[in-house]
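The two complexes that follow have chain A in common; it is paired with chain B in the first and with chain C in the second.
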Partner chain A sequence: MMEFNFKIESGDFTNAGSISSSVKRALKQLNVDGSVIKRTVVALYESEVNVVAHSHGGEVVVNIFDDCIKINITDSGPGIPDIEKAMTQGFSTASPEVREMGFGAGMGLPNIKNNTDDFDLKSEMGVGTVLKFVNYFKA
Partner chain B sequence: MGTTYYHALTFRDDICIGCSHCMMVCPTEAIRVKDGKAQMMDDHCIDCGACYKVCPVGAIVVEQDDFSCIEKFEHKVALVPALFTGQFPNNITRDEILQSIYDIGFDDVYEIEYSVDFLSEQYLEYFKDEDHEKPFISTFCPAVIRLIQVKFPTLIHNLMRIKAPLDFTAMYAKKSLIDKGLDADSIGVFYISPCAAKFVAIKSPIGEEKSVIDGVLNMNFVFNKSFKAIKSGVSKDRDDFHKALSKNAINWSLTGGETNNFPNVRSLAIDGINNVVEFLELLEDDEIEGVEFLEMRACDEGCAGGILCPGNRFLTVEKLKNRADFCQKKIENTGKTPAKKLRSYDDYLIQNAGVGKINARSIVKLADEVAEAMSKMKRMFEINGALPQVDCGICGAPSCQSFAEDIVRNKADIVQCIFVQKILEQNEKIDSKKSVEVMKSIWGDKKLDKNSLREELKDII
Partner chain C sequence: MAKVAEIVEKLNLKLVAGNEGLQNVITTGYTSDLLSDVMGNIKSQSVWVTMQTHKNVMAVASLKDVSAVVIVNGYAPEDDLIEQSNAEDIPLLVTEDTAFDISAKIYELIK
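So, the complex of A and B:
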């Protein structure tokens, strides 16, 4: 097992994608199947953007096992008021500024779910959000 | 393991001075220095030619067929890239240049881009097919294809599986002569190449059994022969207007030459191997949205920057753009369709337009199995963490990172690092004799001969 830790700063769109890029590089070296790499990169990239755009900042813990990759993304709030709504395609609370940058189309969370094998999202208002997902290397 | 890869670029040990310039610029980190000489890692090299450009002593050579091989064929056809006409001084005309190719021994001359108008229509058909993965990456530049095969295996499905103008023009040239009654075996089709990558694409084609091209000649070699012929006065005056090219055809091999054909398709044109690598990383990271077509070329300014082009690339581009505008006007005035004859072969060419499966062959993976790769990766991180991150290349590898990778692949020894040597010497783990031995194994005996410093340096040291 290997563990990687990363921090995400709120509002730092410039670096959104750097974590998924590092994880991609590792998965390529581990000879993980290309389609799994693609799905993982999409899910992680979307998650990074979510934390940058909506939260006060957070961290990512990546654990790579022989047969799967587990990723936990934790932020320090403010939290998602209505998870069911947030999971709806096209729903977005992104500010006009964020949308201006090409983000906030309301595709994020549903897209993450579509690109992961196990998906778990928990949020508490005023505390923060924890997103956990797993992708398996072999079907 | 066991697979050998064909390359047009070879290093001549008798000329190489072991300076490591090539090692430091290789985009796939395919070069190491050993025994005082540059050595190529066969499976890593994509024949882009970056090393060739920086070699200070000309130790890197580009293979080509011997010119006499054209004599094996009764009917000799030369395929010349349009940019060949951009290599000569302004006072020499396109007609004189193409005429000179006849004079040096060919029976037929076509500019490769003769098939471009046909091909750009095929691109649009390809774009329409829902089964094809977006963004479509052009397969015009063979170095880019190989770059994706070795470093970006997840993007392999984005490569367009369609042949290049060279193949179509060659197929047309051959078929039209056969239809005139010539024996197929008597026709030899030769390509005059601006780069090393094309040579490999022909000798060892990807996704194809055998190329339709019978031989490859380097452009700088043919340039010398042609120039000489022109200087001594070109002979016959041919009316080759039926072979005239459209504006888009002339510009095809330059940067933007493909994308310009598709104003209604969101496309980007990227040139320069490092720019291509940077963009492919972003594409792989899923950070690129909505781009439908990518034109990517290993060389700066497209093929005008090819390593075998004798002319300056910026001047070549200027000349070609002028020629393209001139031709466009001429076509408009005469109302003639360029490359009309080829268009009667559309059906034949379409039948043979496809390219077979392009396989990934990752040089990035540390092992086939995840578990084994992971244990190597852990060790690699540990080693790299201890290395100085100076990327000096003294170990014989281009960077600390690649050196760490070499160690876990059992291709290098940690003691090759000069910093590690100094630390081990301080701790009396190795003596200076051993460290000199190690350095000699990388840089050769000559550079480390204790008597090699010249007399005049004696006082300083």
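So, the complex of A and C:
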């Protein structure tokens, strides 16, 4: 088993994607199936960007087992008031500046759901959001 | 199969960075300015046509194994996007054409 820990700063768009890139490299070295790698990096990238764009900052814990990868993304708030609404394709509270950069299509959470085998999103207002997902290496 | 070098030459695209990737193969393309849309829908070995000019473009391009990025309307790529293109060896190309026009021209070449 391998464990990796990363921090994410709020508003740090220039580094968004660097965690996904490290995990992609690690999975490639382990000869994980290409389609699993692709799905995992899509989900992780969208998770990274959400913490950068919508939260006060957070951290990512990646655990790679023989048969799966488990990723937990935790942030320190403000939280998501209505998870069902947030999961709706097209729903976004992104600021105009963030939209101008091409974020804020409201497709990130749906992308994460579509690219993971197990998906669990929980949030408490004033505390933070915890997103956990798992991808298995064999179907 | 078309290579990046071919569309650069035939469509007179300006090669800004990522020269090492000129032999990348292009089998299809995707035209969009919404990063999550590209993240969710672009296929590998694509040419990505966009008006976005900031560094995250290369993060997405690299994670999705994109063959080349074409920036439209003559917009200038930001410096850290240029650096990242060289780091990833993914060619960064600029055209004066609109997204519609250049997508149509690329399609004609690779179809």
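In this text, the second predicted complex is superposed on the first by the 139 of 139 C-alpha atoms of A that agree within 3 Å, B and C clash if a C-alpha of one lies under 4 Å from a C-alpha of the other, contacts with A are read in each partner's own complex, and residues count from 1 in each chain.
To be clear about the criterion, a residue touches a chain if its C-beta (ideal position, glycine included) is under 8 Å from a C-beta of that chain, and two chains touch if they have at least 3 such contacts.
Since the structure is predicted, the reported quantities are computational estimates derived from the model, not experimental observations.
Legend: residue contacts after superposition of the two complexes on their common chain; A:Tyr45 is shown touching both chain B and chain C.
Applying the stated contact rule after C-alpha superposition, one finds that A:Asn111 touches chain C and leaves chain B untouched.
Once the two complexes are overlaid on the shared chain, A:Asn31 sits against chain B while remaining clear of chain C. By the touch criterion defined above, A:Ser20 lies against chain B and chain C together after alignment on the C-alpha atoms of chain A. With both structures placed on the common chain, the touch criterion links A:Ile64 to chain B but leaves chain C unconnected.
In the superposition on chain A, no contact is made by A:Lys85 with either chain B or chain C. In the three-chain superposition model, chain A touches both chain B and chain C at residues 17, 20-21, 24, 38, 41-42, 45, 102. Residues of chain C that touch chain A in their complex: 33-37, 39-40, 44, 50, 52, 54-56, 59-60, 62-64, 80.
On the side of chain B, the complex with chain A involves touching residues 153-154, 156, 281, 284-287, 289, 360, 362, 364-371, 373-374, 377-378. By the touch criterion stated above, chain A contacts chain B in their complex at residues 1-2, 17, 20-21, 24, 26, 28-32, 34-35, 37-38, 41-42, 45, 64, 66-67, 102, 137.
For chain A in complex with chain C, the touching residues are 13-14, 16-18, 20-21, 24, 38, 41-42, 45-46, 49, 101-103, 105-108, 110-111, 114.
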